[in-house]
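The structures considered in this document are given below.
Look at the two complexes coming up: chain A is in both, with chain B in one and chain C in the other.
What follows is the complex of A and B.
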């Protein structure tokens, strides 16, 4: 019965993810579009070519660093909000939840446009800085690393918040009360009880955000500059400018392997079912 | 068995009248033709100006697949025996890829009568296996309230931008924009270089780089930079700038620079398949002066058909075809990987 319930999503994953991934892998290894996967002689030439390029390494390392940075920034921003949502009985929690969902409701393109209006040379922040005589001219806030991190952190914020809030909500408040009743100050209770018990949610959120950031395209393209190229943009360039599908597929395979590796870590170390066994 | 609906039959008869005896009943037996278009205004024009005329002439509906050339060529290559597209608006280089793989058909004046009114430079780059029905011309846009004396030539533009005369308000395309390799060649050629000597272009771009507010990845992004007034001067196609000017950007102006302008061409190709007869008729419709004029009024890219009579108000904007240039596309394809590699190493630092 349980197996049957998984059938629709399994079918969808096989058709929409596994088969295209195999085709992509085949193309990266020298296969042609329109022929059976792996029908041609396999060649690792494109992988050797892309990894021989210092530019590829620069883009790869930059993608990983930015994705980690976004995950860390998001964890720091989302945790207090998640704590409030999990513990507060305020009538405002519904409103806060609504605010937390706005990145998903607004959509990536609109949100990116919003940040461009805020951070641009003639944007709201620069206007305010100059109006308050804090700067004499526009400050470069956009088209760089900071703008990319801000944009990615914003769009993925909900995916960080929800796992943390869910785990915090599942922690028995009696444990924290016991700590307090034994004389521990609030900060110590938080550091020794709440935080360790909620770590699973933090880790799950960070992994989701990390993977989302690794695959981000629109935000790095529009909010980033010429020196902030991330892997999906490099894939796009291979596909549409160089017209080199094999190189694009090789880079896409690298991106998929990174995502699967991170997923494997999540399943190995932060799988709730595993930890309760 | 195929049946002919009353509507299709009437459409077919109307088509027969217009086409002076062409076999519209053959067309009417096919229910749809699948063609491609870029999104936004382009798709709107295809649906509004070209598709109705095609339907009127053939009785056949037009299904428009929006997207981009990389996607369309992949779709055609993945199903060569039963291609999902009948005609494709391709990129200059990917058009060669379909030709080399034998997936597109040659255009002749017998099959595409409007081809007779098109200068050869718009189909010769693809040996008649594609024809561009319009062209954009490269030039510079500039904020005329800030820049009183616009550059007159590409060397002058690059020199003044590289000296910081325009401040950090210059914008140029990034290498993620498909036409950038051509732009690099064009700048090199304007500075005395060639496809095998791109040094002048890269040297000039390195000098301009500190003054570039943003290297844009898509033309829509370029428009946003202009309309938000983050960029005051930069490289773009004429049609896009004129469209912004006509939409109310009164501070904006555009000029083509000497010695010439780069063409932006979109070769339309007939895909080899069961619907090729209709696809030829579609290409013929794309080259028809009547919808081309409407297309021009909406998009501002120049139609290639000599019979198009431009409105007097905008006729002066139109660049004569003789003033445009493109490189040898096969040679460009050869050097594109090295241009990308060099851009990544020298400009993206």
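What follows is the complex of A and C.
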């Protein structure tokens, strides 16, 4: 096999991934656009400046808390559906799969638009609430925490569903049959056999969803407001509104470090190669 | 025993009901976008007040939208083609070859899938600034190729890993050249992975906002960025109409990619 076939991808990844990442790091450490790869004297000044602002801490903590919340909510919402997809012999499983895949393919604009129509002042939910006389006027649902969590949960739902479904599918049905034949009722078989065996899928899904939420940009910007700024929105603000490239680079480096940390956990505990060996 | 199976059927019904509800929740926001795109009202309002195609007409008559539609198709098709040309050959040596740095290269490619797109947007902007390149449709295609190629690589390597190399060995021992063995044996067997990778590369390009946002200009603006810019200041059903157009394009491409790969793989 000709090793030269790997040359184009190596070039692509070095120029398009490694070099830009190093440039970002360099600029966050005080390098100027003209002097690369690294400034003569590395300076942590920008990081100190960024992290001495309470706004940065608020954004960072908010990003992490919301992402954990989205991961937990999605695990609870996706588990029963994964169980259905892994076990049911219904002819509808194909349709359910198709709909579960739509968040990946329709784009953020459509997802945002959909939830703005659902949650807006003149939207579907407010219409239903007023039609049922549950409220007299429109309830504020959008441009806040609720809308951001719902939007993020929807865009990352597939990433929770698939790992759980594949783990549930791989559980040997004989184990569950054994439990049943020894007299355990279905709920007990589920709680003591199926659920513990599927935790690996749940944990893998939660890590991916957590990272998806940390890196989400359009949903927190358009469905949220000034109280729901998440890290990617803060990066965008620094780069465009404040026009402070070094601060943008510092925050983007923080986000990249979070991503690589999550990746390290994935490789350590959920390495697919390890389980097949 | 009968009590137990009765309970299990009851549990199954609850599960089916839940999945039905959840499917509705997942589909409903997208269905209402379709509904609102045909509305007659000037602002977004539920229920819609009538049926018209005027928002689709406003999309077609909006020069920025139509420019961005063309740009998006060019960028998505070109970056998918580049991702296939770079990713498929690389998958062969990564799955079959032995060379120093192979695992490092594969880990590097896969790690790039974890990095949020906005980080790429920022860092690619720095790259072009340092290299002194003007932002153009070429820099955009390059950026989308960088994020698309690892998807092609991953799906192709996955297919190759499940495929015993004996088929290629048989072709080679019957006298086929390496290129011919690849073209007539390996490539058709890889079709399922290649078409999945192509679909991923196309989708991540055509829906991408965070990378394109930083490296587009007024001339090379892409469809999702145009809609995103519009949505920041306007909230009318034309965005719904445009989202539906985008969805149809994506669906069309995926069906086309699946058909083409299937007929190529079978014949």
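Miscellaneous remarks
The criterion applied here is as follows: the second predicted complex is superposed on the first by the 252 of 277 C-alpha atoms of A that agree within 3 Å, B and C clash if a C-alpha of one lies under 4 Å from a C-alpha of the other, contacts with A are read in each partner's own complex, and residues count from 1 in each chain.
Simple rule for what comes next: a contact is a pair of C-beta atoms (placed from the backbone, for glycine too) under 8 Å apart; a residue touches a chain by one contact, two chains touch by 3 or more.
Note that this is a predicted model, so its numbers are computed, not measured.
With chain A as the common reference for superposition, the partners chain B and chain C occupy clashing space. Looking at the shared chain after the overlay, A:53 reaches chain B, while chain C stays out of its contact range. When the two structures are aligned on the shared chain, A:222 is found in touch with chain B and with chain C.
Contacts of A:185 after superposition: chain C is touched, whereas chain B is not reached. A simple residue count on chain A separates chain B from chain C, and the partner touching more is C. By the touch criterion defined above, A:5 reaches chain C but does not reach chain B.
With both structures placed on the common chain, the touch criterion links A:236 to chain B and to chain C.
When the shared chain is aligned, chain B and chain C each come close enough to touch A:120. Legend: residue contacts after superposition of the two complexes on their common chain; A:81 is shown touching chain C, with no touch to chain B.
Clashing C-alpha atoms with chain C appear in just one stretch of chain B from the list 220-228, 256-264, 292-300 or 310-318: 220-228.
Common to the chain B-facing and chain C-facing surfaces of chain A are residues 33-34, 116-117, 120, 122, 222, 236, 239, 245. Residues 32-34, 53-55, 116-117, 120-122, 143, 221-222, 225-227, 229, 233, 236-237, 239-245 of chain A are the ones touching chain B in the complex.
Within the complex formed with chain C, the residues of chain A that make contact are 1-3, 5-6, 8-10, 12-13, 15-21, 23-24, 27, 33-34, 36, 77, 80-81, 83-84, 88, 90, 95-96, 99-100, 102-118, 120, 122-124, 127, 154, 157, 180, 185-187, 211, 214-215, 217-218, 222, 232, 235-236, 239, 245, 248-249, 252, 255-256, 259-260, 262-263, 266.
Considering their complex, residues 68-70, 74, 77-80, 93-94, 97, 174-178, 180-181, 209, 212-215, 217-218, 221, 224, 228-230, 333, 336-337, 340-341, 344-345, 347-349 of chain B touch chain A. The part of chain C that touches chain A in the complex is made up of residues 4, 7-8, 11, 15-16, 18-19, 22-23, 26-30, 32-33, 36, 43-47, 85-87, 89-90, 92-94, 96-97, 99, 102, 105, 108-109, 111-112, 114-120, 122-127, 129-130, 142-143, 145-146, 149, 153, 203, 206-207, 209-210, 213-214, 224, 227-228, 231-232, 235, 239-240, 242-244, 246-247, 250-251, 254.
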